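The following blocks contain the structures, represented as structure tokens.
Both of the next two complexes hold chain A, though its partner changes from chain B to chain C.
The block that comes next holds the complex of A and B.
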């Protein structure tokens, strides 16, 4: 029996995994979501920005990370609109600009926020981190004087006083990152040098879960103000926001999936030990 | 001259960036904007070079009927049809947007979602606790996995606390060391390229 378990057809494993993922979607377990220190720290600091603060949202990811980062992006976006922050959205990833734009358009429409007044979509430009470096000196030049819909930036009342991706024009950056370019580039080119100024641009980040552990040192050093890790982080943020979203509903499925993987590891090792004794 | 000119350009560009980015007096002059624009143009051009290179490689696959050549046909049709659509309709057009939303988004999301199934399969088939180190890794993984989902605190309040400690202290220390190593390595590699000691980027035979 133990040998059989060790050579178990992987399709059985897939089946158990599918059931574990689907079951809570049809019959939610209703597990309470407890807010962790990282997300609480992010929320508290971000919430302290004054009304009218200019926030640069940067969805730097592709569809592969959208399951984790889309809910984070939407939760932060709703928080921004709730606090009447003014938003600029630009992505260093072409695909991220599409993903972010779709969420932005939907939420803005729902909350009656006006493009060009409350928020502006800057799209994507070729050049990766070069664009944000240039934007730190001349935002309009880096965007070729056009927004993401090819409309002149001069037509946007929001952009009248925003000339640079730099303090005091921009108050904070939130980078949702699943790789490079991402939050590291903002640290290098925008937020770190600005720390010498009286009022530095604050950098916040949302990370895919697999990348979150690597950001601990820069959060502890203060280079990044706060982090939302993975879909769990998004669910915690939705809880703090008091606006239920997608992530909170999916956490039951993730809980069961983790338990199934752990159970498989335990079972596999019991089988290994038992077959070795024989 | 085929070697000297690229080396001279590399060295000059490196010196320019170091002066403008790291020397305060040069940084204050805000001179890098123009060269940033050049870099944007170069990156955009390189994308086309990449597409041409891909066409050459997969064109050869098709021409010689190598195994799986039909995949190369699919790749080239998708690549050039989407480029043509982008040029003709522009990337703001609703059809261009629909093609992307209906293909790339679900495909890429599916590819990444499948990783979870491979992890589950690998967990039962390959992760064996044969040594004390593997036992420690298994235990740490269990606490971090449980601490990251709502089930952890339901089992015990100590699980998220332990997870936070593991992430902040041992993991934080480990990643600091890794990052410092990476930065020193990157700096050394960049210096070698800037000074012309590393010539692999110039192509074969440049060494």
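The block that comes next holds the complex of A and C.
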């Protein structure tokens, strides 16, 4: 029997896995979502920013990571608009600028937030981290005096007092990262050098689950204020925000899939050990 | 997305998933389309993001002719195809390396050193759990470093025990990464399933 299990056609495993994923999508189990320390820290510190605080949102990812990072981006965006923060959206990833812009436009329209007054889309510029480095000294120059729609920055009332990606013009940066360039670049070129200023620029991050463990040391050292890890983190943030979103609805499927994987790992190991004894 | 776009995306997704059953022409067709699309996308985006704003707008329209100098230096990279003048290709490479190293060394030590100083922790915490956590953090950090200590033999001076602990520390960290990777991959699959069931078939609320 154990040998048979070891030779099991992998497609049976796929089938069981798909059923485990589909079942909760049609029939939600209503499993509780427990908020972790990282997300709680993020939410608490981010929520403390005063109304009118300037937040730089940076969706630095491509479509491959959008299933995880789009829900995070939308949850944080809704939190920002709820607290009346002023938003600048710029991406170091070309495709990330489009992904972020689509969500931004949709949510802003829904909440009657005006481009150029409540938020501004700065698009993407060639140069990776050298652009944010230059923006830390001269934001307008780094953006060639244009926003992401090629309209003059001078036409936006929001930009009147924002000249640099630096304190006190910008209060916080939220980087949604699936690789490089990403939060490490903001830390290296903006937030860590600005840490010695009277009022630091706070760095928050949303991470794809794969990268999340590698960020623990920089959270511990205080270089990053808080982290939203993967889709699970997005669901936790939606729970804290009290605005149900895409991620929370998928967590039952996520949890059940994990149970199935664990069961298969345990079964596989038992089968391996049993067949070795023979 | 329009209805046509949704149908193309859905059929493409199904064709890719068909690989789970076995290799087949539908999968290969979509795979080749993806590679072609990516190549075309890179060409268009490079034109739109580099050539158009720099060459057409800055040089030709705004008269910033000084930008022609780095452009000409950059072109030297193609001299590597000629045996007699291929040494010229080293000029743009040396400029790139020099700039890259200088730029990196100017900024990178600061965040790195903040993480190093963070390793100097006080064992005594507010609670017993925090104290235990601090001790574990210190011991496991040292053990992890000892595992990569190659100056003396790891079989002597008791290093074999601490480097073994270091190996277990690294394995635990890799386990955490693996767990997160599984979670991430399931999220991607769920994203596709939601697209198929909700956006395409409309059977999911």
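Keep this in mind: the second predicted complex is superposed on the first by the 278 of 278 C-alpha atoms of A that agree within 3 Å, B and C clash if a C-alpha of one lies under 4 Å from a C-alpha of the other, contacts with A are read in each partner's own complex, and residues count from 1 in each chain.
Assume a residue touches a chain if its C-beta (ideal position, glycine included) is under 8 Å from a C-beta of that chain, and two chains touch if they have at least 3 such contacts.
In this text, all values refer to a predicted model and were calculated from it rather than measured experimentally.
Visitor: Both complexes share chain A, so when I overlay them there, do chain B and chain C fit or clash?
Guide: Clash - chain B and chain C, as placed by superposing on chain A, overlap.
Visitor: Touching A:64 in the superposition: chain B (first), chain C (second), both, neither?
Guide: Both: A:64 reaches chain B and chain C.
Visitor: Once chain A of both complexes is superposed, is A:252 in touch with chain B (first), chain C (second), both, or neither?
Guide: Once the two structures are laid over each other on A, A:252 reaches chain B alone.
Visitor: Applying the document's definition of touching, compare chain B and chain C: which contacts more of chain A?
Guide: Counted on chain A, the partner with more touching residues turns out to be B.
Visitor: According to the stated criteria, A:32 is in contact with first (chain B), second (chain C), both, or neither; which is it?
Guide: In the superposition, A:32 touches chain B alone.
Visitor: Just chain B (first), just chain C (second), both, or neither: which does A:187 touch?
Guide: A:187: touches chain C, not chain B.
Visitor: Once chain A of both complexes is superposed, is A:13 in touch with chain B (first), chain C (second), both, or neither?
Guide: A:13: touches chain B, not chain C.
Visitor: Once the shared chain is lined up, is A:22 touching chain B (first), chain C (second), both, or neither of them?
Guide: second
Visitor: Of the listed segments of chain C (93-101, 111-119 or 147-155), which one clashes with chain B in the superposed model?
Guide: 93-101
Visitor: Going by the contact definition given at the top, which residues of chain A touch chain B in one complex and chain C in the other?
Guide: Comparing the two interfaces on chain A, one with chain B and one with chain C, the shared residues are 14, 64, 66-67, 126, 130, 133, 193, 209, 213-214, 217, 220, 229-230, 232, 254, 257-258, 261.
Visitor: Contact residues on chain A for chain C in the complex?
Guide: Contact set of chain A toward chain C: 11, 14, 21-22, 25-26, 64, 66-68, 94, 124, 126, 130, 133, 144, 184, 187-189, 192-193, 208-214, 217-218, 220-223, 229-232, 246, 250, 253-254, 257-258, 261.
Visitor: Considering the complex alone, what residue numbers of chain C touch chain A?
Guide: 20-21, 45, 49-50, 53, 103, 107-108, 110-111, 114-115, 117-118, 173, 176-177, 180-184, 186-194, 197, 204
Visitor: Quick check: in the complex, which residue numbers of chain B touch chain A?
Guide: Within the complex, chain B touches chain A at residues 27, 30, 32-33, 36-37, 39-40, 43-44, 47, 92, 97, 100-101, 104-109, 111-113, 116-117, 119-121, 123-125, 127-129, 138, 141-142, 145-146, 148-151, 153-154, 160, 164, 167-168, 171-172, 175-176, 178-179.
Visitor: Can you name the residues of chain A that touch chain B in the complex?
Guide: 6, 8, 10, 13-14, 16-17, 31-34, 36-37, 62-67, 95, 98-99, 102, 125-128, 130-131, 133-134, 137-138, 141-142, 149-150, 193, 209, 213-214, 216-217, 220, 229-230, 232, 235, 251-252, 254-262, 264-265, 267-269, 272
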